[in-house]
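Okay, handing you the structure first.
Should a chain be cited, it is by its letter among A, B and C, assigned in written order, with residues numbered from 1 in that chain.
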């Protein structure tokens, strides 16, 4: 009974992790075309990826875009969360709903809308345009994580600080901010990762000038599936794993997503 | 106590990776219709025993018999025992009546019979007319009643209750305490309940089994446990006590600091060092067969009773006296306390 | 009140971002779907909706989308359920690691995992390669460049969402309820059927909805795995927007996707209310 259960679970996990495992294996294949199983092993694909200027440039752009988006999304998310958690005002529920509304809209629909808005402003295929688009889909996440950590902060601790003579700004800087910082970091990391991995919306917004790594891979894959992509994928997966470990350490993965 | 309805023999449970067994060689038995309390501090193994009887935990060794038959091979769902869980474990997606009918349904009882039995069970626990409610709409006490009805309607061989009153507030607890006792008496079901609350155990159970660190310390009626504790653990866990060391000087007599000679009930050889215990509320003002004269060191007026510490030499006694409107002892005053020999408990040889 | 200015200062950056990235895009989308021009928002016409609704191709696309969404959500939930149930109930010390493993794929790009499925299901991929080297088959099985491949890949890609949603929705499950049912005479099968399944159904429903939404709006996976032979609303919106450059039609198709999606939400909420009543 228990053995059957364990076998079933193992198979399901195998299915879930299959593409990642396979990509890892293929990335060491020496051949120029996609085939399985590999005939011989080498780091050839990796060498090629690191020599591919288009990939390197796209990787750099993705990192920059992700960092900026992560920072801004955290800043906006922190301000919004403070207002939503700490104050009562008219329209609070509406704003609270609107903030999370992008979760409720299929991303391809949002992508078309963003494209329509950015185009007349001349922001298609620009850093500002792609960052703005990514901000739209990451702010809901940062608001959610930061709101959760803010709500976990005991109001009485802040009151105690005030009673002991701290000004509201000092209370925020010395008490609130340190207490919610795991939430801030987690929110920022997730925002970075979403931006870094995002393909759907990016494909509508960027073309050559600001193509991100996922869009570059997508366009490459439309024509070729050689092991170079596998090597690149492994690099991306390793970055994700690093981030997952970081997030798990900070706040626990289940709360963050 | 001729018929052994339920018996537990040399029960041991060692969890994998644990250094010491959680339940260590415990044996006891119950006649039909008795209510037994398993009493002890948290982590003493009492819940584990209950769960082993229920079949939810597998014993490492030992036997559990029902009507003389070993039950260890019988899976949980075939043991026909009722269990009231600490948090009641009512099925949230079913009504009160559906909860109560669940066990009957599992036994394949026809719908019409089920309805009649459920109605009777609802009457028994005074939930008449609430069958269509959702369990989440019930108050804590009502949920408790529903859980009891659910486990009794299947006419179990044995009713198990895991800390049945711990989720109720103090007032409700007293009420449910009497109620559970009354229901158990009316149905005549053999019952075992687990508690860490001595008042609950003393007032509800026919007999108490006091546990400590996986071992059974003593089993007996409430009076036996309270008045004749056999171990120091039982004496100190149940009620407060003044513990005294003495040396036996004659039959039922020991030399104890402060008392001179303290007369007690119990067999001990002359010359033996013994441990004796006196309950604070059994001490009275004025000398009696045993008298202790000393200075009031500390005194707290608590309304109904006056708690004071009286010292003589190295010996301190705590006494709980009933208050009255007249003059009461004061701090620094010299007083004489007395205690009847039968209220001096012989616990054993001094360590 | 003194707080007023502060609240406003806290809200303004967020409100501006929301305006630019959500409210305006949704408004523009609606506007563009009625536009008489293909790339600008001018005039008013129902032509794009008429064109889409009159064309049997788009009906087929809508049907494909619905089929894909339903199939993928059904399989993602069925395959994810045992994992979610296991993770919800286990007391193993590996629980944290196993949860992370189940959810981690979520944090790797969908493009990367789609590529992984191309490697597995391709003509010279893992399955065909293995079967051929074992001489079980001569010619490769058609596992990719069709809707089968797209479905399999999407099931795996979206399964973590289903698992997470189910885990979150399993709050009412507890081992004590299962024990209580067993004590009352329910065998393991009946405990599952009468207690575990009904109590986990809200979570299952939420998981299914989430996967459905993500599946019907996906285009990267259907396009790459479908090899240009799988036509769903997502792929059509993408090609109208970036290849044909008929933005108004893309907008109209997006609105239709939104309508399809909203009707599913309504059905879902009805079902959930009935479950909880």
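We adopt the following convention: a residue touches a chain if its C-beta (ideal position, glycine included) is under 8 Å from a C-beta of that chain, and two chains touch if they have at least 3 such contacts.
From a predicted model like this one, the values you see are computed outputs, not experimental measurements.
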| item | value |
| --- | --- |
| Overall pattern in which the protein chains touch one another (line/ring/star/complete/other) | line |
| Contact-richer chain pair [A-C vs B-C] | A-C |
| Chain centre separation (chain B, chain C; CA means) in Å | 56 |
| Distance from chain C to chain A - Cα centre to Cα centre, in angstrom | 18 |
| In the complex, chain C residues that touch chain B | 172, 174, 176-177, 179-188, 190-191, 194-195, 198-199 |
| Of chain B, residues touching chain C in the complex | 54-56, 75-83, 85, 87, 89-93, 102-103, 106-107, 150-151, 154 |
| Chain A residues touching chain C - in the complex, by the definition given at the top | 5, 8-9, 12-13, 15-20, 22-23, 26, 33-37, 75-77, 79-80, 82-83, 87, 89, 95, 98-99, 101-102, 104-110, 112-117, 119-120, 132-133, 135-137, 139, 143, 193, 196-200, 203-204, 214, 217-218, 221-222, 225, 229-230, 233, 236-237, 240-241, 243-244, 248, 253-254, 257 |
| Chain A-facing residues of chain C, complex | 3-4, 6-7, 9-11, 13-15, 17-18, 20-29, 32, 39-41, 79-80, 82-83, 86, 96, 98-120, 122, 124-126, 128-130, 133, 153, 156, 159-160, 164, 167, 213-214, 216-220, 223-224, 233-234, 237-238, 241-242, 247, 250-251, 254-255, 257-258, 261, 265 |
